[in-house]
Amino acid sequence: MGPNVQTFIGCGAPYNEATTVLFGAPFDSTTSYRPGARFASSAIRSESIGIETYSPYQGADLEDFKIFDAGDLDLPFGNAARVMDTIEAFCGKLHDNGKMPVMIGGEHLVTFGAVRAAAARFPDLRVMHFDAHADLRRDYMGEFLSHATVMRRVWDLLGDGRIYQFGIRSGTREEFEWAASHARTELFTLNSIDSCAEAVCRYPAYVSVDLDVIDPSEFPGTGTPEAGGVSFRDLLDALLCLKGLDVVGFDICELSPHYDSSGVSTALACKLLREMLIAYS
Amino acid sequence: MGPNVQTFIGCGAPYNEATTVLFGAPFDSTTSYRPGARFASSAIRSESIGIETYSPYQGADLEDFKIFDAGDLDLPFGNAARVMDTIEAFCGKLHDNGKMPVMIGGEHLVTFGAVRAAAARFPDLRVMHFDAHADLRRDYMGEFLSHATVMRRVWDLLGDGRIYQFGIRSGTREEFEWAASHARTELFTLNSIDSCAEAVCRYPAYVSVDLDVIDPSEFPGTGTPEAGGVSFRDLLDALLCLKGLDVVGFDICELSPHYDSSGVSTALACKLLREMLIAYS
Amino acid sequence: MGPNVQTFIGCGAPYNEATTVLFGAPFDSTTSYRPGARFASSAIRSESIGIETYSPYQGADLEDFKIFDAGDLDLPFGNAARVMDTIEAFCGKLHDNGKMPVMIGGEHLVTFGAVRAAAARFPDLRVMHFDAHADLRRDYMGEFLSHATVMRRVWDLLGDGRIYQFGIRSGTREEFEWAASHARTELFTLNSIDSCAEAVCRYPAYVSVDLDVIDPSEFPGTGTPEAGGVSFRDLLDALLCLKGLDVVGFDICELSPHYDSSGVSTALACKLLREMLIAYS
Amino acid sequence: MGPNVQTFIGCGAPYNEATTVLFGAPFDSTTSYRPGARFASSAIRSESIGIETYSPYQGADLEDFKIFDAGDLDLPFGNAARVMDTIEAFCGKLHDNGKMPVMIGGEHLVTFGAVRAAAARFPDLRVMHFDAHADLRRDYMGEFLSHATVMRRVWDLLGDGRIYQFGIRSGTREEFEWAASHARTELFTLNSIDSCAEAVCRYPAYVSVDLDVIDPSEFPGTGTPEAGGVSFRDLLDALLCLKGLDVVGFDICELSPHYDSSGVSTALACKLLREMLIAYS
Amino acid sequence: MGPNVQTFIGCGAPYNEATTVLFGAPFDSTTSYRPGARFASSAIRSESIGIETYSPYQGADLEDFKIFDAGDLDLPFGNAARVMDTIEAFCGKLHDNGKMPVMIGGEHLVTFGAVRAAAARFPDLRVMHFDAHADLRRDYMGEFLSHATVMRRVWDLLGDGRIYQFGIRSGTREEFEWAASHARTELFTLNSIDSCAEAVCRYPAYVSVDLDVIDPSEFPGTGTPEAGGVSFRDLLDALLCLKGLDVVGFDICELSPHYDSSGVSTALACKLLREMLIAYS
Amino acid sequence: MGPNVQTFIGCGAPYNEATTVLFGAPFDSTTSYRPGARFASSAIRSESIGIETYSPYQGADLEDFKIFDAGDLDLPFGNAARVMDTIEAFCGKLHDNGKMPVMIGGEHLVTFGAVRAAAARFPDLRVMHFDAHADLRRDYMGEFLSHATVMRRVWDLLGDGRIYQFGIRSGTREEFEWAASHARTELFTLNSIDSCAEAVCRYPAYVSVDLDVIDPSEFPGTGTPEAGGVSFRDLLDALLCLKGLDVVGFDICELSPHYDSSGVSTALACKLLREMLIAYS
């Protein structure tokens, strides 16, 4: 009799056979407003039994793929630099073993660790960034590693024109002015997804979804809800537009399950993760 | 001085004069994920005072109709077969007295009891089924009477081509494959409602609304929320499309009020019930 | 070292320099269904730190304006007449000092106090009223000052054709019949906003937003949620349509923060208030 | 078939046969801090099915008594004077018909209406008052009818030495100084209950329980929780000490069920009500 | 790299070396009032990281013992008989392998399955039963397998004088009368624990804790809260009194974590389980 | 007209006249389990209006004292060292101005900053530490500044025999062994308070209250609830025992208000803070 194994539904492949590896990064120490994203990966695993493994959107089943769920990383609270190193090392090992890393955040800063690992191996990397917030500050209260600076840190690695942002509807005046000359930032909607997908199709791509891009009506369980977001269905359609890209890694971040006592946000995150796993694996 | 009577707003007609009889079926024992639909009828009655009896959508008032609220059936938890019998017997008596039964679930399995009573009296019965889930499994963990099998049991009674499904967005691969040759299943949306209403107009119809067909943003208070649903307004428009049909009974199921601490789901259910009572009475 | 000051974000101007004055009216004693709007102004101030002062919708920043936050009025619970007098006196003083009053309710009755002050100074006043409920009853259980009668009381002051209502989807038959000959009432939607803005553009206008005009999916934190409402984005667009008007005062009412444990409703109210302050200051 | 009747468990006697009549007074308009006591009577009735009718504390069953549940009074929000009149009239009629009134508040002010009815008929009336708060202010923000003044108003009727207070642990300095010469006020505990019961045994007594006398750990569902209260068991023992008195009416007030999402407070109130009905009927 | 293993803290021994085996029985279909105990085992495992493995009460550490966590049984909702068989078979296998079964319920009915396995192997079995409710009904709405009948079913197996009940404070008159001649039932408190422990010390004992024996103030997360319970500390002391007994199996039941949004109930259950595992392993 | 000032009730003295200065330290980045203590100071200020300024326990009123509420410090999330420096500097300035610092945490680590300031000025300082957890680890996951190490860091400053711990009921075996020779640690209860107060009476004392020392039944709103705690009344009595000491600073930490939706925990913290301010000012 073996010990109790808990994975995301349909992710029961052994590590050696897996082409995709799912893991959690339960870290939220730099969150400035409402913390709790640390609980996302655990909630997503245990609530995933509420959905089916089959996707009627794609006509495919999660169990048709070879996906391994590695559980959560051990991350020291309060030391963002060490956390970045741990995530980068883990993702790097997966890349080197020919497996695609899929990360469940945590606050959005964790994306920086994963992108560092990808950028080191895929020099042409592009980042597709779905978010309510621009996350482009140079620093936040003097700190460089912060949920509010994460895409600026990604830009430090990748440079101009490599970051595509969708659904952005919050930021400082400085962030929007900076973005105008350094990133491709679509305000409020996802309409440019087709043309962006076309522009990126020859490059390896990392897809980062800050779930607060979705309207708080559909996704209240997040630290910094911003009214006026996109719908689940619109986001799903946009993400399926990227199906033909060479996605080398992706993440979903900023589910804070305790802020949604109905469980609807966690259920949505489970469904979105199923669809992304099917689409990009 | 009489005892304390509690009914759904505007449903104060005496039984003998009533053409429509409302009742609750507080049962959720086969629910596999999150129970609580047993509390729906009680919550709907007590929260109904928060809405008006007048519908600006239809320009009519609930008090223009003769509706009797019979309260809740006494249902033994954990014995689905006895529960089906009790519901069938109660609905049958209403049919035989010339009154339309209107049931507040409970989990969706309760629909099977009501449909059995209707099918026995209206051999040409059609079922209009609004739901996020196909509910077409042959069995669930070996059990034949289950919320996940209810429309398959209805098919056992009615046979091919009699079940019209709308808004379905979750199920196993097997359910969708089976549905292709046995039911009329519209995925994700309600667009086919006009043509279906036309096809059904010559037959007696039973309308069953699993409230989780509505998007969880508008209706979080349900056991198995599925992102990507229809809006209240779309559902209402579709249900009003059926106004011309010979509706011989209807139900609303799967409100689980405790999962929505804001009370919004219960308020929506009250409003939908008002509209359906006005439209079909 | 000065005492702890708490204001809505970006509203740090001194009173003397301010052109706009924000204040709270924490009163909900006539609420007949679910009270709690008394907590709105406090919640909005403390949660406003979760949003930015910059609006990407208008390309402007709250800090570009001179706004003073006066805190909350002291209002005696259970004495609606005294409350009306207090609000009228306070708003009147602001008008007389050349400052625009901006009120955070409270239940919707508080609007009557603010409109009394405005109507006394701007005899041509028009009221733009966004709400799920008509609020046009002559009295409520024999009381004339009630959340359910507030627009009728405004009509007592202004007379026929001066009240423009948008998004209304609940009321008694009598209210809708009365409205047909005394107000300009748009059911369900905001589509007539352009033509109404044009009709009103030569007059001073008071804008009153009962936040329950927004769909409960986006705004569950209110006393009487009514399904089928407008979206935040639609409401924002409509309110920005009024940007060219001579707005002499405005309010947002009926946030009841305790009914939304996710905090999403309060966050939306903060954002809407930011946009209105930028648009009308 | 009769309409849906909802009563407190075991209170199914017809009015004519009843010796005790239970009713609700859903009023909370003068509440200055957190409203919601208006929902108490409805919550108590519907949750009472979670307890048994039998009391192992007293070895007796609620069904051994003749108790009628009259439902809730219709009370106009925002007009405390009319509310007092309505309660007094209703209780007076019960007294005149030889039945004991038992009231479920509502905020504590409702007690004043019931005591007025009793005092008019029982000139020697004593009041046994269990509460965390002294409720002895002369006025509250200029209002005389307020939850914070209710026992002062009772004193206006009864005069010195007729009010016995237990468990008091909050008040202004002025209230405590006033109490020293006008009432019998026990701080923090219920230890004097025996001697007080003896002192009162020759007089008709009205028992008023503000449920916040109980520690918030056991009873969080109240508007103004005060740490350091008595336990349910201590309160029950004290109330059973009064069993031999000539109790001519009693009430339980200030359950605010929405503030306790666990339902524990409502369940406690149900149990306490069962015990008091058995003890005093 | 191995898959994600989730166990109760400190329960990481392999099956073969373990002397104690922990498992979950997530079943609550016969619950008549508020369901949700099905979520207990999952909640207890994931929240156990909030406590230490070391017990200052016993001066011992969970990691000093060999305990295996087998995860949850697969139980069909709505078929109580099959559920009993599954639990009995699993426990029986553990007994036959020389391991002590420790079960996390589920509703209290699951105890019957575990006791059947124990009674078949230990004919002299005694049951120590901690509960707010007597659970001694002959049947419940005609059903014999019910949470309300579980100790009566245990009596069917064991006969008179073998069941010791503690803390009981709710039941029908019939249950208490029946108990007087068939069981050893202590009302309200745990004071007889010493003498009972002495009486039982020569026999194999099964310990069943319905967590609602604890006062709802300390343990609100349960389906049927009963005011007037014992404290955690009193219960722990009583359970440690049984340390010298030959405990052959035990369970904790009726945690319903969703009813306690603070998480305090789950944390208490984790701590109690740690103490029982240390005391009886 | 001045801006909106928000202080703890009764703390309206100007800085220059004040003998006591209250401030918040909203920091919780090293919290390893459930964050949220950052919201405590804001919640305590806004909820303080629910209690009176008068204490019947001490027969004194908060308004008899000169207390200034300085609001919250600006603390960078994720940089514990900078946070310690900021707190130390602020407290040091207060000490140097002859004012007693009173801090509302935040997680318990903030105590280290305040003690550093006190120890630098009062070399004989003793620390009276009330807590459920020993907080004596050498490091936590390699980090030295952590909520789990705070009393060990205090020991680094003060050395053996200067730390008095009360109510401790959780820790690792290593912590308890270490404590035996380096601190004065009372397990579970507060009984040694009198003798400790006597031992400390000649020295300056800092009092640190981790509010989770209180039983979770009375105080569920904390990150790491530990069953089996002391009561509010016991804690208050113990704290009043210290009234004669030369208290040079104190704090209350680890209220996490979002985990207690009833608001009871915040209300208790307000009351305790009132009592400590009166006792030690």
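Read from first to last, the chains carry the letters A, B, C, D, E and F; within each, the first residue is number 1.
By our rule, contacts are C-beta pairs under 8 Å (C-beta built on N, C-alpha and C of every residue); 3 or more make two chains touch, one makes a residue touch a chain.
This is a predicted model, so every value here is computed, not measured.
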### Task
Please identify each chain that touches subunit B as well as subunit D.
C, E
### Query
Which chains lie in contact with each of subunit A and subunit C?
B, F
### Query
Rounded to the nearest 5 degrees, what is the angle of the rotation relating the C-alpha atoms of subunit D to those of subunit E?
120
### Query
Of all the other chains, whose mean CA position lies farthest from subunit C?
E
### Query
Using the average of all C-alpha atoms in each chain as its centre, how far is it in Å between subunit A and subunit E?
41
#### Entry: Gap in Å, rounded to a whole number, between the CA centres of subunit F and subunit B
55
### Query
Of all the residues in subunit A, which ones touch at least 2 other chains?
34, 215, 217-218, 261
### Summary
Touching pairs here come out as A-B, A-C, A-E, A-F, B-C, B-D, B-E, C-D, C-F, D-E, D-F, E-F
### Summary
In their shared complex, subunit A is touched by residues of subunit C numbered 49-52, 54, 56, 61, 215, 217-218, 232-233, 236, 261-264, 267-268, 271-272
### Task
Please name which positions on subunit E make contact with subunit A in the complex.
1-7, 12, 14-15, 42, 45-46, 68-72, 261
### Summary
Residue positions on subunit E within touch of subunit D in the complex are 33-34, 168-173, 176, 187-188, 215-218, 220-221, 224-228, 259-261
#### Entry: Residues of subunit E defined as touching subunit B within the complex
28-32, 34-36, 38, 74, 76-80, 82, 141-143, 145-146, 258
